[in-house]
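Each of the next two complexes has subunit A plus one more chain, namely subunit B in the first and subunit C in the second.
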Partner chain A sequence: MILSELAVASVKQQLRSDGLKLQIGPFTYRLISAIDAITEGLVKLYSDYPLAPANSFIDYPITISRGSGLHRWTRRQAIFEFDGKAVFIPLPESHAFPLLEWSMNWCVSMHAHHYLILHSAVIEREGCAVIMPAPPGSGKSTLCAGLVHRGWRLLSDELALISLTDASITPFGRPISLKNQSIDIIRDFVPGSVFSRVVHDTSKGSVALLKVPSEHLLRIHETAKPRWIIFPKYVAGSAPQLTPRSRANSMLELGRNSFNYMVLGRTGFEVLTRVVDASECFDFQYSQLEDAVKVFDDLVSQRQA
Partner chain B sequence: MSVEYQVRPVVQLHWASWDDDYVVFDETSGQTHQLDAVRAYVLDLLIEAPRLIPYLAGALSQSTSVPASEAAELIEVVINDFQTIGLVEAIAS
Partner chain C sequence: MSRDLLTAVWARPDQQPLLGSRDWEVLLGQARRAHLLGRLAAQHRDKGWLLGVLVKPRLHLESGLRLADRQQHEVRWEVDCIVRALKRLATPVVLLKGAAYLMADLPAARGRLFSDIDILVPRQSIESAEGELFAAGWISDERDPYNQRYYRQWMHEVPPLRHVQRNTYIDLHHTITPPTSRFKVDGKRLLDRIVPLPGYPGLFVLAPADMVLHSAVHLFQEGEFDHGLRDLLDLKDLLHHFSQEADFWPNLLDRATELGLQIPLFHALFHIQRLFGYAPPPQWAARIAAFAPPAPLRLLMAWLLGLALRPDHPSCDIRWTGLARWLLYVRSHALRMPLHLVIPHLIRKAWMRQFPEKAATAAK
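Now for the complex of A and B:
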């Protein structure tokens, strides 16, 4: 059963009582919140995700609660609680849905040490994955959103989950977080795209979340092998430029972009070595999404040749 | 009394390499370091046994294109780098 098969009133009721149990890739979340923006966001963006059976093991119990005392009436807050404990500082209630997304990422990045976890977008075509690590502001999510609407499958916009046994990448496709000008760029690039409400004045500026194409979710249990590591950078007015880069340096950068490379010790090193062994490494500078699509398409066709 | 250099006994190194591009992971500290070919060569010699700087400089100039006149100075820089990141220590010989 998927979320859209539940009436909105039932979604709301579950969120306000025992929790809504959602299966997202390899993880089961139990979500509790009485905040209407959470219901609205989930119904709009998670409609194609399966509901977990009632007796499922819950990996991550998340509550987005309202503040107590005066905050119930004025300057309302949204508070992320994990297993009953507040984790982040409270945010304005209007930020509740982005807060839920950040909380879902936090749960995985802090706990899922049976994977090597990189802070990176991952997309796939013909079984081959592109890992795109990059700092905020690099245009990673914009590029990722554009490519997954031009033939690439989304594995994740934020977290690359890499197997410790065979270095394959497990999909964890969730809505793509876009910020500021990127929101309108993708609205124009992907006609008919479905977004959450735009939330202004967050720590990242204005934020909106883009729904994942439903056909990608049908393949959410299909892993992919790393094939390319590409460090994207948006540079206004630049022509597309794909430049080979050192594998050793790429490995170090991936390690710096990992949430648990240090936690995993030698295993993390060995897995990351396998990822880099299997991948060509590039820097990629771009300003236009259509240019980027062509460059990425060429990667695939040249591999086949 | 002269000074030799050795890989610190607590260090446990694991390597990866691609052409002349090297990465070394120290299991004890959890740190990963990128090495160029010269640094990888010197570290490899130090793994074999404690070495004097003149020995390392001679080996380097014979095995690479680094001129003998520059090798000792380069080795001192490399050894200093290794000491800074905790891979190598000086011992009296």
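Now for the complex of A and C:
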């Protein structure tokens, strides 16, 4: 059963009682919240995700609560609670839905040490994955959002989950978080795209979340092999430029961009080595999404040649 | 719903918990909240239970093991750094609590997670130790002059020291309880009996009895109980381990009397027996019973601690847990300092929380 098969009133009722049990790739969440923006966001963006069967194990129970006391009435808050404890500082209630997204990422990056977790977008074509690590502001999410609407499958916009046994990447496709000007760029680039409400004045500026195409979710259990590591960088007005980058340097940068490379110690090093060994590494500078689509298509066709 | 599944794991240490999905969700949450995920996982590994656990919760246990293994590796490395930083200090350096259990290879270290490293030096060496640690990269993040003064004047430790590059923390102590505490202990008396750590010249741990007493007094003097269950399990393991030494129990009881720590030891032993069924050898029962505070106080404390030692997780909260934790918080302050000192301090802290800016200027 998927979320859209549930009436909005039932979604709301579940969120307010025992929780909505949502299955996202390898993880199952229990989501509890009385905040309407959470119901609205979930109904809009998570409609194609399966609900977990009644007796399934829940990996991460997340509560987005309203503050207590006066905050219920004035300056209403949204607070992420995990195991009954507030994790981040309270945010204004209007930020509740992006807060839920950040909370879902936090749970995985802090606890799922059965994967090597890189802070990176991952997309796939013909079983081959592109890992795109990049600091905020480099246009990683914009590029990822553009490409997954031009023939690439979304594995994740934020977290690359790499198997410790065979270095394959497990999809964890969730709505893509777009900021500021990127929101309109993707609205224009992807006709008919579905967005959450835009939330202004967050720590990252204005944020909106883009729905994942349904056909990508049907394949959410299909893993992919790392094949390219591309460090994207948006540079206004630049021509597309794909420059080879050394494996050693790419490895260091990936390690720095990992949430649990240090936790995994030697295993982390060995897995990351496998990922880098299997991949061609590039820097990629771009300003136009159409150019990027062409460059990424060429990667695939040249590989086959 | 109010089920303490976590304590039950150690109440029946030879019986694998056979739980359904929902209970595993609750147990893992309780373990994370009590800082015992690593320990729960280590228990499953050591008893050979892992393969009998449902696949998905097992992944969480394995993650807990990875985290604990890595932290222990890092603590060993940090201890090496501390030894190097303090090698010019002419006085002994004593590891306390978790780092001591780990470096002395005690069973209490199994699966233990760490947040900082506690060390103790003689009071007169505190400043030189701080200087040497500063030279090696550990700085105090406490910028507030009132807090700095509070620590240095009234506490048994200086404000936490953070390593500027690695972000690891050291708590530097000169004794184990505040000098104003009802259970004050002169650090010198502890230093008299320290035990050298083989392979680490200059590095020591407390004597077995002192180690147990420190853990007991720490547990019941803390205002916050989020480490309570973990500390109690540490104690159980220490007692179990040291009981192999012939004179351990009489030494412990003598030492508790000598240092005036009979009451914390009594409470600790009571709850270890209540929760984990671990009892001291029967020949010492009468002496231990004599350590008890008067009956009304004893019963009240048993009730309060019984509530506060439940994992601080929504699944365990019953009507009185909040009140019990609050009363114990107040009690911990009353024990640490006499009223004429603690009340101005708490008012000052409340004011500083309310007006962080003004408080900083006023204290200058």
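Please note the rule applied: the second predicted complex is superposed on the first by the 305 of 305 C-alpha atoms of A that agree within 3 Å, B and C clash if a C-alpha of one lies under 4 Å from a C-alpha of the other, contacts with A are read in each partner's own complex, and residues count from 1 in each chain.
As a convention for this text, a residue touches a chain if its C-beta (ideal position, glycine included) is under 8 Å from a C-beta of that chain, and two chains touch if they have at least 3 such contacts.
In this text, all values refer to a predicted model and were calculated from it rather than measured experimentally.
Which holds for A:H113: it touches subunit B only (first), subunit C only (second), both, or neither?
second
Would you check which partner chain A:G84 touches, where first means subunit B only, second means subunit C only, and both and neither mean what they say?
So A:G84 only meets subunit C here.
Return first, second, both or neither, reflecting whether A:V276 touches subunit B, subunit C, both chains, or no partner chain.
first
First (subunit B), second (subunit C), both or neither: which does A:M262 touch?
Touch status of A:M262: both partners.
Is A:N55 touching anything from subunit B or subunit C once the two structures are fitted on A? First, second, both or neither.
second
Give one of first, second, both or neither to describe whether A:R66 is in contact with subunit B, with subunit C, with both, or with none.
A:R66 sits against neither subunit B nor subunit C.
With both complexes superposed on chain A, which partner does A:R150 reach: first (subunit B), second (subunit C), both or neither?
neither
Tell me which touches more residues of subunit A here: subunit C or subunit B.
Touched residues of subunit A are more numerous for C.
Report, in rising order, the residues of subunit A that make contact with subunit B in one complex and with subunit C in the other.
262, 265.
Along subunit A, where are the residues that touch subunit C in the complex?
Going through subunit A, the ones touching subunit C are 28, 30, 55-59, 61, 83-85, 111-114, 262-265, 267.
In the complex formed with subunit A, which residues of subunit B make contact?
Touching subunit A from subunit B are residues 14, 16-18, 21-23, 25, 27, 30, 32, 34-35.
Hey, which residues of subunit A end up touching subunit B in the complex?
My answer: residues 246-249, 251-252, 255, 261-262, 265-266, 269-270, 273, 276-277.
Going by the contact rule set out above, which residues of subunit C touch subunit A in the complex?
So the residues of subunit C touching subunit A come out as 20-22, 24-25, 29-30, 32-33, 54, 56-57, 59-60, 62-63, 66-67, 69-70, 73, 312-314, 317.
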